[in-house]
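Below: one structure in structure tokens.
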Amino acid sequence: MMRASLAVLSVLIVALSCGWASAQDDPVPIETGLAPPDTIPDILPPAPATDLTAVDLVDNDDAGDKIELTWTLSPDDAGGMRDVTGYYLWRSESPDARGDTLALVVAGTSSFVDDTAVPGVPYYYAVTATDGTSLSGEAAFGPVSGRRDWFTVSRLAVLVLAAIFFALVLAFTRLAEKGAELFVRRIPGLNAIEEAVGRATEMGRPVLYVPGIGEIDNIMTIASLTILSHVAKITARYETPLIVPTARAVVMSAAEEVVKEAYAEAGKPDAYNPDNIRYLSDAQFAFAGAVNGIMLRERPAANLYLGAFWAESLLLAETGFEAGAIQVAGTAMVSQLPFFVTACDYTLLGEELYAASAYLSREPKLLGGLKGSDWMKIITIGLIVVGIIMNLAGADAFVEWFHTN
Amino acid sequence: MASVTEFFEKFLRIDRRWIFLAIAIAVVVPFFLPLGLPVVVTPPVQRLYDAVEELELGGPPLLLSIDYTPATSPELEPMSTAILRHVFRQDARVIVMTLHPAGYGMAESAILAAAEEEGAEYGEDFCFLGFQPGTSAVILGLGVNISNVFPEDAYGTPLTEIPMMEGIRNYDDIPLLISLAGWSASEAWVYYAHQPYGQRVGGGVTAVMATDLYPYLDSGQLVGLLGGMRGAAEYEELIGQHGSGVRGMDSQSVIHLIIIILIILGNLAYFMTRRQRKLAGEGT
Amino acid sequence: MRRRVPLTLCFIAGLFMAVQYFIPHHNVAAAYERLLLWLQTLLAFAFLLGTVSLIRVHYHKVRDRAPDRGFSIVMFVGLFLMIGLGFFHPSHHAPGSPFNRMFLYVQVPIEATMFSLLAFYIASAAFRAFRARTLEATLLLVAAAIVMLGRVPIGDMISARIPEATRWILEVPNLAAKRGIMIGVGLGMMATALKIMLGIERAWMGGGD
Amino acid sequence: MTLTFIWTTVGALLTLCVYSFLYKDNPFYKFAEHLVVGVSAGYYLVIYYFNFIDPNVVRPVFQLELGGEAVAFGGTEWWMALIPGLLGLLLYTRFFPKIAWVGRWPLGIYVGGYAGLGISPVMQARVIDQMQAASSPLAGVPDPFAAATNAALGFAIFVVLTYFLLVKRHIVARGIAMSIGAVVLSAVAGYGGYVVLSALSAQGVVSMTNILLVVGLLGTLAYFFFSMRHAGLLGGLARIGIIFLMVGFGASFGYTVMSRISLLIGRVSFLLTDWLHLI
């Protein structure tokens, strides 16, 4: 079964890659014939530029004074007689007269921004090629006027996707508030945490819970406190000591509240020991050193590191490993994950930390964000797949639509 | 067999200060006995170098944001030195600024050293705008008007009186921007300068952050990327003047090798002792 | 007054900043420019709050005769020395001034050295903690070993394939994984911003009423 | 010369104070630690004042001159600089418990403003542009041969690992026989992949890389999808995601080692070269 599906998969991949390869073949530009050497006396005016268009330019600070001109180069510019030296641009307020010279741009230029337009005034533009002695015929365009715009159309994709995403987040938050059952799968890391606490109980040794060194307004710290409440309920039930070292005074008082409440809820308010919730130091290394001291002296059997960690993650996980404790970690600091993954028995990766806290607390604001992000991921996957298929079919308009700036 | 296990068990419990000592020796020795290992240039560095190479003599300037702090300076200072040397050597111009208060001192010492060495002149070839707080607000503000954010340079001279700032209004007049940072500043430049204003952004970051930025490199949101001391060494190789980046590569090679050996030994010892314990039926 | 006003201000400032991204109109851009400067000013004042807190904490330690109050005095000496040199020394903070040298020869060495301590710990951790216990950890270690060799010149000398493999790891599996994380984290950031604007997430207000 | 030497010596001694922590925590380390807290706070305060508060708040409000003329900074009227300045001062009410709530007003503007600023650029940089890059073909590959072998090998490893992860969870438990099997399998698969790929054009290699990128991205996204149980197709994708995640973390690990060592090299270079002039 497995083998068959693998075979099918590889055939599919090869087929797809062939398709992709053919979709990628760029058209080879055809080499045009070279112009005759420039020895004939230049008496003829160059061929004119064509297809002049002028549009109101929308930039980030749109005062309605910018109009962007684009044109197709004269055939004698880089081809034909190769004698175009530049282009004259003209601006007039009436269709009948050529008006004033706006600018002279060098050969090879095919666009220009007129930033001296008066908003609301209709202008007529013209372009003529020159070889230094004579002017070509003109290409004209108009009327066009500058406007102070109220919307950047090129950013529509951002607006649409952001709106969909926010609608999802708010809808799920509302649903959760109304008490709807929103499914969140159980995070395997939670089992690992419970096992670790159980093991500590069996061995009659304490549990160490480090909520990171982030401030109280860090979402990782907030998520960690939710999980702390869950852990505290279990330790209260088994009357296993729970040590919580903190690096921020405010986090310490929040942790005190959380643990005390959990012990009361578990019906063991007397088992709560305020001396075990400790403020150690604000300084990163001093904090890590002090936690390591706790690990070596009080020999906790389970070390849980959940929250925001920086470089101290390595110092903690290494000492804990050496002390032989079961370790479970979880953080959304991507740069610290490698150390936790290698040195701990189980690690909650990135968003899993938030998911675990939403799963435990069932709090509407956490659930709403989580479910909204989940469905947005599905939309993203869908768009990527559609984008690839469109690309294979040679239609890049779909992907281009998302091209902003 | 038992004695082998015993040996490994003892070996595993070795005081870690012996390892510290080994590392200290490994980093010092190559300073006295340089190996002179060659440095091969990788594409992300080449692309940044090429982008700087495109700057024109006396043309629109490079905006170099020196956002690193003392804590990461050994990795990033070689980058700023190499880039500044490169810019001055091709007689291009550079505006230096910082988004971190500690970057002020780092930027100043880097730019003064490079300018003295290459004979660049303040106000003509380079200027130092100093520090402004607010990261995203600063980056966005520069897109509107530089002199709104920095009314004067670091030394109190109004921007209007600095010759090289003439005609430089916002990102439209800056062909390339490079941020050197050991924190999320490089990403902030992508969000707030590249996305809304289409500014070309290049980055130099600590090796810790480099791997996380590869998606921006692939999508073209970053022009090029220097990752850690190795990135600096490659840039030094490209400008043909070796500095502390290339010099550090010898020690770096030796220590990496030692660490890999340590990982292998550690795992070997671990599996040997574990198997022994298993045979003795002590644990799982 | 105590909760509604700040929440309303938060909503208005957030909404304006979010919406202006789509409105190029000159007048909106001007207001936006102004608000950016306001945010910067608030940030500068908020940053200096930290200094005041620092002074309070250490002042209490000295006043309460805490056992390690000597170190608090060291902190004060450093702080006031810098303030004195920065504000009152004739050359202020020009290059080569004592203020500048304090930065280059006191702050820089200590901060840089503190982080370099990790080089030792990472080596010891490599030996003592990094074990191929699970398939996941094994994959991680193998990829790490290849990258470590591939990013130093000695890797080239062992085999030219090593730097190539490193490049492949960085540009294919690493890129794919980091892109996935980037999208997920990005959505999380946006959801948090929305919740802050709408007052659903109000941890920033702290406790009390 | 001598003055510089004295300063360098100060820096070197402080460096050694910090390194003494490697032996154990001690008063020398604590001295350096507290000193740097004070010095850096003082440094930041001075820099903040002279770079921002002085030119943007103090001078506009008090109408002090700038470069010889009373210029409005960036068109700032004095009262326009006064309002944010006063709001900033309100932040300090937090030190007076009775009126601490006033401090939430400026905080509201600050927190809300920064939250609003981030939304669209983050959507664009982290979601839309990444999505677009993921669905667009890669640019040309410079060395098709090297790329072919790498891609083939990578693909083989990927297939083998997926097989073991999906079918046989515990590779270590099966012992050496299984490892040899895995090596042989990956070699065979690698060679097979290589033969297939060399039959294709260089573009085929690019496509293969592309497919790996897309599969990896979808896998990672699937791993972080919480609304369904990880079973069936989703479970398979998530398992693939884990492989990519672990290789990605491995790359970060290797780079992080490099980063920390660089800092050590920098400090040793300071001690040996700048201070002792030994090299």
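When the chains are written out, they are named A, B, C and D in that same order, and each has its own residue count from 1.
As a convention for this text, contacts are C-beta pairs under 8 Å (C-beta built on N, C-alpha and C of every residue); 3 or more make two chains touch, one makes a residue touch a chain.
Everything numeric here is computed off the predicted structure, so don't read it as measured data.
Comparing chain pairs A-B and C-D by the number of C-beta pairs in contact, the larger count belongs to C-D. Greatest centre-to-centre distance from chain A is found for B, with centres as Cα means. Chain centres here are Cα averages; for chain A and chain B they lie 22 Å apart. Chain C and chain D have Cα centroids lying 10 Å from one another. The distance from the centre of chain A to the centre of chain D, with each centre set as the mean of the Cα atoms, comes to 13 Å. With centres defined as mean CA coordinates, chain C is found 16 Å away from chain B. Looking at chain D, one finds that residues 21-22, 30, 33, 37, 40, 43-44, 47-48, 52, 56, 74, 114, 117-125, 127, 130-134, 214, 217, 221, 223-224, 245-246, 248-253, 255-258, 261, 263-264, 266-267 touch two or more other chains. Residues of chain B in contact with at least two other chains: 20, 23, 27, 71-74, 102, 105, 132-133, 137, 140, 144-145, 148, 195-196, 207-208, 211-212, 215, 218, 228, 230, 252, 255-256, 259.
Residues of chain A found to touch two or more other chains are 60-61, 155, 158-159, 162, 165, 285, 334-335, 338-339, 341-342, 350-351, 377, 380, 404. Considering their complex, residues 21, 25, 30, 33, 37, 119-120, 123-124, 127-128, 131-132, 134-137, 159, 163, 166-167, 196, 200-201, 203-204, 206-208, 210-211, 214, 217-218, 221, 223-230, 245-246, 249-250, 252-253, 256 of chain D touch chain A. Against chain D, in their complex, chain A makes its touches with residues 2, 6, 10, 13-14, 16-18, 20-21, 23-25, 155, 157-159, 161-162, 165, 183-185, 187, 283, 285-286, 289, 334-335, 337-339, 341-342, 349-352, 355, 359, 370-371, 374-375, 377-378, 380-381, 383-388, 390-391, 396, 399, 402-404. Partner chain D is touched in their complex by these residues of chain B: 17, 20, 23, 27-28, 31-32, 43, 71-75, 77, 101-102, 104-105, 130-133, 136-137, 140, 145, 147-149, 151-152, 154, 156-158, 161, 187, 190-192, 194-196, 206-208, 210-212, 215-216, 218-221, 227-230, 244, 247-248, 251-252, 255-256, 259. Note for the complex: chain C touches chain B at residues 21, 29, 32-33, 36-37, 39-40, 43-44, 47, 94-95, 100, 103-104, 107-112, 114-116, 119-120, 122-124, 126-128, 130-132, 141, 145, 148-149, 151-157, 163, 167, 170-171, 174-175, 178-179, 181-182. Those residues of chain D whose C-beta lies close enough to touch chain C in the complex are 7-8, 10-12, 14-15, 17-19, 21-22, 30-50, 52-53, 56-57, 74, 76, 80-81, 83-85, 87-89, 91-92, 94-95, 100-101, 104-123, 125-127, 130-131, 133-134, 146, 150-151, 153-154, 161, 164-165, 169-172, 209, 212-217, 219-221, 223-224, 241-258, 260-261, 263-264, 266-267, 270.
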